[in-house]
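Several structures are given next for inspection.
Consider the two complexes below, in which chain A is the common component and chain B and chain C are the respective partners.
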Partner chain A sequence: MPQASRTKKPDVKVVILGDMNVGKTSLLHRYTERKFKDTISTVGGAFFLKQWGPYNISIWDTAGREQFHGLGSMYCRGAAAVILTYDVTNWQSLAELENRFLSLTDTANTDCIFAIVGNKADLTDTLAHGPDTESERGDEAQPEVPCPTPPGTPLQHKQVSREDAVALYARVLRYKGLEEKACLPAETVCFETSAKTGYNVDVLFETLFDLVLPSILKKRSEGESSTVDLETPMEVKRTKAGCCA
Partner chain B sequence: MDPNSQQSGNMEEVKIFDPSILPPCLDQIDLAYSDSDVLSENHCVNEDHRMPSDPEGLLDSADPTSEESNQPQEPSSTDMQKLDIDDDRPLCAGGSETDSGKASEDSALVDNGQDDSSEFVVTVLARGKMEEQGMGMKGASSPLCDTPLGPPSHRNEDVTAESWRQHRKHVFVLSEAGKPIYSRYGSEEALSSTMGVMMALVSFVQSGDNIIRSVYSDEHTVVFMQRGPLVLVSVSSSRQSEQQLRNELLYVYNQIVSMLTQASITRIFEHKKNYDLRRLLAGSEKILDGLLDLVDSDPSLLLCAVHCLPLASSLRDSLSQILQKAITPNLVFSILIAKNQLLTIVQEKMVIDDARLEPADLHLLLNLIGASSAFQAGEIWTPICLPSFNPDCYFYAYISYLDPPECTVCLVLLSTDKEAFYSVAECKRKIEEAMQAQNALNAISKAHSYSVSQVGVSDLRHFMYKPFDVPDNHRQLTQFTSPEMEAPYGSEEEQTRLLDLYRDMHSRIHSTSRPLKLIYHVAERETLLAWVTSKFELYTCFSPLVTKTCAINAITKLLRWIKKEEDRLFIRYPPKYSTTPNPSKSSRDGH
Partner chain C sequence: MSVKAFELVPAVEREQVMGEKVRINIECIECCGQHLFLGTNDCFIHHFILEEHMTAKGKLAYKAQKLLHKYLGLKKPVAELKAASALERLIVLCDSTITVVDMVTLELVPFGGIKLKGVTAFCINENPVTGDAFCVEMAVVLARRRAVQICTVHEDRVDMLKEVTTPEQPCALSLDGYNICLALSTQYMILNYSTGASQDLFPYDCEERKPIVKRIGREEFLLAGPGGLGMFANAEGISQRAPVSWSESVIAAAVCFPYVVALDESFVTVHSMLDQQLKQTLSFRDGHLLQDFEGKVVLASSKAVYILVPLPLERQIQDLLASHRVEEALTLTEAAQRNIPKEKYQILHKRILQQAGFIQFGQLQFLEAKEHFRKGQLDVRELISLYPLLLPASSSFTRCHPPLHEFADLNHLTQGDQEKVQRFKCFLISYLHEVRSSDSANGFREDVDTALLKLYAETGHESLLDLLASDNACLLADSAPWLEKHHKYYALGLLYHYNGQDSAALQMWVKIVNGDLQDSTRPDLFEYVVDFLSFCSNLDLVWRHADWALQKDQKIGVQIFTKRPISEEKMGQLNPNDVIAYLEKHSQALLLYLEHLVLEKKLQKEKYHTHLAVLYTDKVLGLISRPSANEEQLSAARQKLQRLLKESNLCRVQLLLGKIQDSELLLLERATLHGKLEEHDKALHILVHQLKDSPAAEEYCSWASASQDRSYRQKLFHQLLSVYLDPDLPGGAQTIAAVDLLNRHAEDFDAVHVLKLLPEEWSLPLLRPFLCGALRASVHARCTSQVAVGLARAQNLQLQHDRLKYRGGPILVSEKKGCQLCHNTFSEPDCACLPGGTPVHIHCVAKKALDLPKRQHENAHRSNHT
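Right, the complex of A and B next:
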């Protein structure tokens, strides 16, 4: 018999986009493996299934070279949420989101949720030197030990402020032709994280998973063929905002 | 923003029906010599007794058909008995005990047929500049003491430190405009002036309509290679031949092509000459680092052959059948790997008719998988170009481990359809189910490489055997077999030392100016015998006290043993399937 976890059909799709080296893989690794490892390179896209309550959430981690081989739109097709990731110490990485990655999301669901995530906050903020407390998980093997920063290591210059990210969010919505008022507020979907220390990582993923639940329910009620065809983009227009808060 | 980065790099997909996209295989460098070369360089002592193709006079001429004719012949033990090795002059191996003067005389060569004086100027210029730039022309420690495998990250090395200079082999990649793209040790930024000098050197020579190929000094060999808009440079104190270093640089170039395709690289630089390619390769340095570690430690890259995991042929056949049954349209290769060695490979019929998977492409694929394996829980879907197959097109590779969390058994499915992820992933479920039903994972986990003691030949410590042709199928994947490296080659240092000896034998066998067919080499701590025929290439390592007669008898026994075991050691008849949507084809094949 095949392993149960392997045969499950994904109910919904989440895609992590962003330039190379901003920490996409590290974020996912931190979330799923509770670890930070320095030697992971992403080849193409990596597909993961995450059990969330009764649902199976598929997550695509991408390499950041998508404009080269045209697979970006395949990774994004039918996505319910897209995590646009940048590195807070690198202004260019925020600019690239708009330049190179936003257009890849054209194949995502029309009601796709966008999150803007500034990673490597540990490099610029002492605040980010511990994991978030709000979402401390019971199943954690040991208390999170922040990677030791040698005393006196100066914090790096933060090149991207929260305001920049919020402004990008507004432009993303405009690009998508969405009313800002009808969408999730920036405070809900703009995060600063550290895969290294774990800061805000659980909050990010769990907030998003909760936000896509309505999308799953809608899909389930629409076609009882619970086999989700991820190839077909959802054509259903989202009418109400905040339906999920 | 950079306008380049916006171009929609839509690559053509591989159309397996179109023969024009199946270029001829890359030249196999290690086979590139002809008997006429041998003739002109004949060094025979007693020429009247010896055959023309027997340059060192190593073979007795009693059997005139054995080496001269191109007819494939089974190496028989009678042929073997006629071997008579006259010459046991120690050959240079890693420079430990031998006349290094001879070695440099043999190999010291810049380009034949080029203007000597300009070559000389360049050489001098190169030395001067390189010394100035700390390219390490002095003070290197013995190459045998360095281990090539260092800690994983060398990015933060101080490039002005002596330790940086002493690395056994540096590899640099730069663009034609002199922009740094990759350095094995130290960050490219820190090395940008050094790379600038190298580029100046290259363009200086180009301006004279020459191509700079290599520079030699007492301690180092510097090899340059230009491929399209990329320049690759190897600075090595490993005493390998220029041809071997060049071959290694070609692996590096092809690994870059495997990620971007040659067509994209060309297009990028046509668009913008001083494009910073690191923007596209960021994060991929580890893949190139991993490749260079493999180049130093894995003889399959030297031999351009694939190492199969020994497996009972019945088990290998049943695995192949499992793969054969789990197909979907546009699937072209199904590959099963365990412990980094090939278990089986099944190919689409149309593909195998026209071309075959080159070992070099498989090495690049395996390296790519290895470098990304740190995070093995997921299923990977990635575009990958197989440069020897077609340098301008992508395949789409599905990569997944079948035995989490150990992650030693890996399934790779290659499709020509970039949208096929979900249907290809479905093939994996079928394969997983079938393997579970047959308890195949358990059987695979029991498979392992063999010990040389199983051959039952005393004094034989290690060998590498690469057959050229498998009967009935000249399109066979080139393979080789080799036992585990055991004591006295248990330590990394000793393994490196043995590989160095093999590399030296290999370069002599494949020397373009003076290729040898047989080398009997008595070294201080072991005796080696290398032999190439029309049927195979063989490298053997014996204890130092072995006599010639013993070694020859041992090889006879070894060849018999391999013959007896070949069904287990090699993939004999690679199975095929048909996934072409062509109705006439598929109906004929019953799919």
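Right, the complex of A and C next:
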């Protein structure tokens, strides 16, 4: 995957939040490096610059550890999208999103987009075993980490259902004081993913990138002039295929 | 593995600071230019000059020379020293009080304005907002005050500009423009003292751990964060770089782009701001101070001072490459862009890209390698030279020095692993292929093409032929033996041909066709060679190989002559006579060649036509005389002959007639030949009486009169009719044939004449189609001519109308008006008009018209006299 040039300034920021060990680093890693490998506990935070069409998007991976909790607000400052991540096999990880992480997003942009992501779906869903074909690109030659559950390993109990995530989304919007009707529907922004198999990972990131584009345009036009440009439509429709592959 | 980014170089030895006194500690440092100031715990300021010099080993070293030391007289440690070099002042914090001393004499300078007592911390604005070069902006924190004072220090006074209140007691601060970055007792924040806007950064317990607030550039600060993190924050309170990870016991940090250097109890650590990685660790005990001054990183224990000298970037990059850390090396290189002159940077960048490419190449990461080679504009021969024997022997190439990689050659690289060797070769093929199609092969096309040819030959790549067939620069001397070695004989022929050695090329190919050499590249090689010869402009070569080709296959071989393109130039043109003479011994080929001349190229030469006709005739006669020949063959052969006889007007008829005179079978041919001589009676006789083939006779009439006029045609048909009606012939008149003829060709007869000819007793219905046709034709002719007359008349009227219109208005004629010509009056309305519309009698005009030539003549005479 072509990395954005080493010295470019990002146009927009996406932040991944969530308790430690839910798989934030693994998700980002899967998306950027197209593989799943052992991660070490994230210290402080890290980010990756992704070139998306003509834009540079910085994706921040944060540390879920309590110790670094105080940094969250700063990371979220000016964010155009926040990915709230939990672990589908761990109810507590969903609860933590509301208890600890939601308030960190106060510093994000007012039009910030929220995604709720349940990771490790491979542990509870056979469906998540194959990487979703539509997003898997053929650029990976090396063999995958073998992911099908070995026979005899029963699927784990799914502690968080999709409905729980959708309900959380509704509460997030309420917390933000937003009308549910005026916001993106839960189907669009609630995902279940597996960093291990790649299931839904590209879909997650690329959906968000497309959704933050208007925010980039807004930022650009604000940066360029104070004149209101009625010509530049804010709802620029971009197809996925049109972006860098 | 790590990089060596800095080297620790001693600057001020402990003896130079404390002499014999053991309990003296360095408390603070200030450095500007060559001047180094130290503040000690015994209230002294020491002034050194730091001299830089190179050691014999080419390393940077420092020698400190003490200029002066001065006791401030307060018995308290000197906590902070800041230089205001434009003012030649040192700002000193000692005993919670700010004082100002002269930089040179270190004497206290009395100053007016506010007094600054109870100061716990202060900082200088490195990005001042006043624009006054002779004043220094300063932010001061006072004990037990939740506020920051913004002051300006002038030569002789200190003014207070503003006091900004803070939510908590500040403990450390840094200033950039209007932005104050503050460590408060429980958190960091950024305050804009112009707008009053403030931004919380993140919580931090300053009681528990000493905060670090360090300006690292325009509107960007570095802060000590929880868990020993080095956090970056800009003036908007946003982190634009990922944090670096220090130890929890970090004491101080400094920045020397692109590195962040930090000091803790026992180490100096170096992180890159570009990728946040730890790059170097230096063991350093008793570390006390770490600060950067205009790019110089100064480190001090409590007793001595050191400088952290950055190693040349190039060295660092090379170190990274040596440990195969390609991405880091490139990142560092690109970050160096702003510190290096443009030309130098471009050279460096290219070289690093090339080296990076070779490292990835060695790791079989070909995609990445290719990209780096491309970006680094690699001399492609560097790459080719890794593959034994690929560069032409004549190539003048030598690898660049210092080398771009550590590989001797492919064998060294692969250690004999054949699968790897193949992968390397595939890569080179694709790489060279791309190089060819771009223009980066400039100047060494020979090397590239020859190498590519060798690779193709060796691997049996299908593109070998494409390469040779297209514009290429393969070196013959080098490539020929190689192709031979790999049995690519056909390709070798192509190479010879490309190099203008057609003879050698043909030799190769002939050997393959003959089976003397084995190369199955082209199953149709024989056809190819023939085709080649047909285009070959070297006639000598053509003649030399024609025999071989014709012996192999006359039908194909003759294409050497028949497929030869016609061109204007004389060169490469064959004289047909020569060819015919030459082909004499190859009868099949000769026939094909003549057919080509006569039927295809339609050469109008009697000789060829007759020759071909004779050959056809011979063939037919031959078939007739051979009992084994079958109907089909014969009729095919005859058809050819007949066609030629009919279509050609050049054959020598008598000769041919003589040849077929005796044959009972070739009547049609004979009739045709008679026709050629316009001996229609003979021809018709043969057709009607000998051959008894009335359709053939009719066809004959049509054919023989095809290019003649109607009367000729009528004559011919009448002739045929008379033949049919001739009662004197054996078997009597051929009434049926005559009737059919008339009915079918009504238009070719003069009906009146025919009616006279026909016997009285014939019934009309028999001739109904003929008569109808004739009648209709005559009616049609009449109608058509009536129409023509009508049209002509209409046209005439139209013209008259136009003429009248052109002439103008009405002409008045009355009984009283006289004719201009005879002066008599008009008695009838008919009149003629002279130009100008004067009416005259018609008969007068007629008379005048008759006179006119005479008169004109007279007029001409008259005008001559005037």
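Note that the second predicted complex is superposed on the first by the 205 of 245 C-alpha atoms of A that agree within 3 Å, B and C clash if a C-alpha of one lies under 4 Å from a C-alpha of the other, contacts with A are read in each partner's own complex, and residues count from 1 in each chain.
The rule is short, and it goes like this: contacts are C-beta pairs under 8 Å (C-beta built on N, C-alpha and C of every residue); 3 or more make two chains touch, one makes a residue touch a chain.
Only a predicted model underlies this, so the values are computations on that prediction, with no experimental measurement involved.
Judged by the touch definition given at the top, the superposed model places A:Thr25 against chain B, while chain C stays out of reach.
In the overlay built on the shared chain, the residue A:Gly64 is in contact with chain B alone; chain C does not reach it. Applying the stated contact rule after C-alpha superposition, one finds that A:Gly78 touches chain C and leaves chain B untouched.
Once the two complexes are laid over each other on the shared chain, residue contacts for A:Pro214 go to neither chain B nor chain C. By the touch criterion stated above, A:Glu96 is placed in contact with chain B alone, chain C being left untouched. Of the two partner chains placed by superposition, only chain B is touched by A:Ser41; chain C is not. Of the two partner chains placed by superposition, A:Pro185 touches none, neither chain B nor chain C. When chain A is checked against chain B and against chain C, the one touching more of its residues turns out to be B. Shared interface residues of chain A, touching chain B in one complex and chain C in the other, are 6-7, 43-47, 65, 67-68, 70-71, 74-75. For chain A in complex with chain B, the touching residues are 1-3, 6-7, 19-21, 25, 29, 32-33, 37-48, 61, 63-65, 67-71, 74-75, 95-96, 99-100, 230-231. Residue ranges on chain A touching chain C, taken from their complex, read 6-7, 9-10, 43-47, 60, 65, 67-68, 70-71, 73-75, 77-78, 107.
Partner chain A is touched in their complex by these residues of chain B: 1, 5-11, 152-153, 259-260, 264, 280, 282-284, 286-287, 368-369, 371-372, 374-375, 377-384, 394, 396-397, 399, 418-419, 421-422, 425, 429, 432-433, 436. Interface of chain C with chain A (complex): residues 187, 199-204, 225-227, 229, 231, 233, 236-240, 242-243, 245, 274, 276, 330-331, 334-335.
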